[in-house]
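Look for subunit A in each of the two complexes below; its partner is subunit B in the first and subunit C in the second.
Up next, the complex of A and B:
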């Protein structure tokens, strides 16, 4: 979104500002990318290490998975930027409906 | 003179409608197809009532009765109520937000043709060995045991038409989010547009569970799956849950647009701003939200256990709060208004007590302990007919009278309209009010006959007489439509005289590009604001310029036709050797036409400024 107008030819666009923004954006992306690889490694280690029981490992990797989804959505798919309110609303509504459905299935069908 | 307005021959008109991507023409297609299925479902209802008029009747056999009952419910919900609502959404919503079309005109057409072919497929079951006979809910334990191909018609037909509905819903969502005219903020949108928005969101979230359930049923019945077969490790309750996770929001998908239509009517014919606009919006959203957390109230007696029953019971009762907010807002809108009793307004006024009664029996049914008494009795039948006929069908009839001038440029006769209204309302209460008591006396629903001396004779006769009143009302309505079309007396922009929203600021029917210049919206009830400032038309928000329009396309028809053919292949592949080849051919047609659509660039065309300037009928914004 921020990058779109770099070559617009519009004199009002402050190229310096855009460039700074892009660099900042790139830094966030690299940091979150490194974090994601690190978290994936942690997940593998948690599963591979015999000292942890399933009662620790399963919730732990689920939390890591949640963090990964947030990274993916907010840093790689730019949901942190402006103009994504409607997609965010519908995304969370969908998550909510799916969650209610799963919760009901887990508790009253397959209990 | 614009070249687009030439007089066309009959064949050219048919071709125009087969290929159209114009939301107003698609609305007319939805209206015709939905109206046709409404008549079909109505005839089925008449057969049901004739069969039940006297005890031990043999007008229908038990098996045929089951088929007619199933098809009545399925047709009325999926093929009549939904498309008729889509007709009004298509016709009015883009005009209300000041848009030139929906966001994806091609998908709009695809949605219609998918619905149409799904509906035709479902109804062909009558001629091809028997219709579905497991009720519109088609519970797996019953439907898996159903012989013949009836249930397969149900599954495949609804799968195809459901895809069309989902496409339509997404299209409306994108349209409302992205295509509002300058100044049209969310909190300035007319209430019908708001209800279209919430309804479309419900469609988006409610139809996928149905799709999943139908696919599971499809595999269980035709391809050796065992999702719902307990003997093979499946679970038959999963169908019930998935069906009602879809089915309960479906009720709100139907009734929220009805609320929207009535909100417009109350404001127009009371000559007042809608009372409590923001609380109306809030209530609409809240009903949509709560609608996803109550589905198990359809399943209290399946043995969910007391905790689950209690949770769903309380959640269900909570919906009465936003609905109550709406009822009082409508009453306060009329309070002190200068009311004119036109046909739409009569329906709106009749709707309030009728719907409230349906709501009250809803609360009674929501109480899990009481539900064990009412379950599967005529009390339930009375309840949901009070909600769906008293809410949705009243709104559709009211909307037909209200928006007919905008869609066709002529006025339906008020005199015949009022005759229809009185016959229908009297017939409706005669038919269904007494069914509450039939249920309380112990008459179970979905039975094909009853015996003398059970005490059901008189009440059932009354109910059947009422049904004939509604049938006569529908005939009068059809006469009204034909007379109006033949007379063809053209009317102006604002035939009701008190239009408040943008659609009344442009000609009836609107030019195919809707707005020559996009209007500037200065508040809620945009056109009314301009009128109060002594103006006769909207202030334009842009200079006259070229308008970009989409080209017509025959591809949506072909995509849907391919699925229609493939469905026959899927259904008969167990009986005939040609099944699999036909399935493949159908899929090839569908995917082939999608491929053509993808690779062939279609940039549409422009209406040029010069043409627009000459075209004086293309009402200024």
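Up next, the complex of A and C:
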């Protein structure tokens, strides 16, 4: 899944290789999109179906959202590629502060 | 490599968005910004969750009275699909195909505009049918701030794409314009990331109760 520049010295070989790489990447992205649509449908059906209690549905749809966001970040936003160490640091720092913020607001107001 | 150097399909680098120092800096700086955006939206989500259904009297609409599955589902599909079309645009950018990139960005803009249209309808519906307004309750304020901020991001993203497409329509792709398109598409994906949490936390959890 790397998308680095190649320097084999032979442009034809390079282009062939790149074409294969980007076709492969596109395949991963299509699979990601199919998974995202599927997870969205499951979440909507779980909420629309009356047989589940909120104690099951809410954690379940939150997990589905988390998985879907991983697809978006790693395949659509290319975080699975090399050279994304700093972006990952920035994003996860943001997620860490986000988690503390949510925890603080919800414990202050609810208890 | 100079930023305004002319390229062909053969000489176009595999990662054009990071070939120049400016491109690299843009990429890094933009991800730092997205980390900050994550915190911004977290504060709005936290406020919404804390104030959800906080209304002054029992006659006012709660989350479960307001939200309906079909509208949210259509909006989700529109935004999710627009995320895929901007992936297509970047695929063509990497293959040095400016026309196809512009075409798919155009499709992305149309899908985003349709999403915004539905959101305007939705807000209008809540205000007129349920008297659920920005100032009617703490719930209303938290709801419109969170969802409205996201809608504002969508509107900004649309203007950003349109500006890039119009401004560079004759210049085409080079190492100066490629990072601009790339960063705008990252922003667009991030908007979809936020929407995934909005449709889950605000709408679906709101309908559960």
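Definition applied: the second predicted complex is superposed on the first by the 96 of 111 C-alpha atoms of A that agree within 3 Å, B and C clash if a C-alpha of one lies under 4 Å from a C-alpha of the other, contacts with A are read in each partner's own complex, and residues count from 1 in each chain.
Note that a residue touches a chain if its C-beta (ideal position, glycine included) is under 8 Å from a C-beta of that chain, and two chains touch if they have at least 3 such contacts.
Quick caveat: nothing in here was measured; it's all calculated off a predicted structure.
Partners subunit B and subunit C, brought together by superposition on subunit A, fit side by side with no clash.
Once the two complexes are overlaid on the shared chain, A:97 sits against subunit B and subunit C alike. For subunit A, the partner that touches more of its residues is C, with subunit B and subunit C as the two candidates.
In the overlay built on the shared chain, the residue A:29 is in contact with subunit C alone; subunit B does not reach it. Taking the C-alpha centre of subunit A as the apex, the lines running to the C-alpha centres of subunit B and subunit C meet at 70 degrees, rounded to a multiple of 10. Once the two complexes are overlaid on the shared chain, A:105 sits against subunit B and subunit C alike. Overlay on chain A (Cα): least separation between subunit B and subunit C is 5 Å.
Annotation: subunit A residues 86, 90, 93-94, 97, 101, 104-105, 108-109 touch subunit B in one complex and subunit C in the other. For subunit A in complex with subunit B, the residues that touch the partner chain are 86, 90, 93-94, 96-97, 100-101, 104-105, 107-109. By the touch criterion stated above, subunit C contacts subunit A in their complex at residues 9-11, 13-15, 18, 27-28, 31-32, 34-39, 41-43, 45-47, 49-51, 69, 73, 76-77, 80, 83-84, 87, 91, 94-95, 186, 189-190, 192-193, 196-197, 199-201, 204-205, 207-209. Listed in rising order, the residues of subunit A touching subunit C in the complex are 3-6, 11, 15, 18, 21-22, 25-26, 29, 33, 36-37, 40, 43-44, 47-48, 54, 57-58, 61-62, 64-65, 68-69, 72-73, 76-77, 83, 86-87, 90-91, 93-95, 97-99, 101-102, 104-106, 108-110.
Those residues of subunit B that touch subunit A in the shared complex are 173, 177, 201, 204-205, 209, 235, 237-238, 241, 245, 292-293, 296, 304-305, 308.
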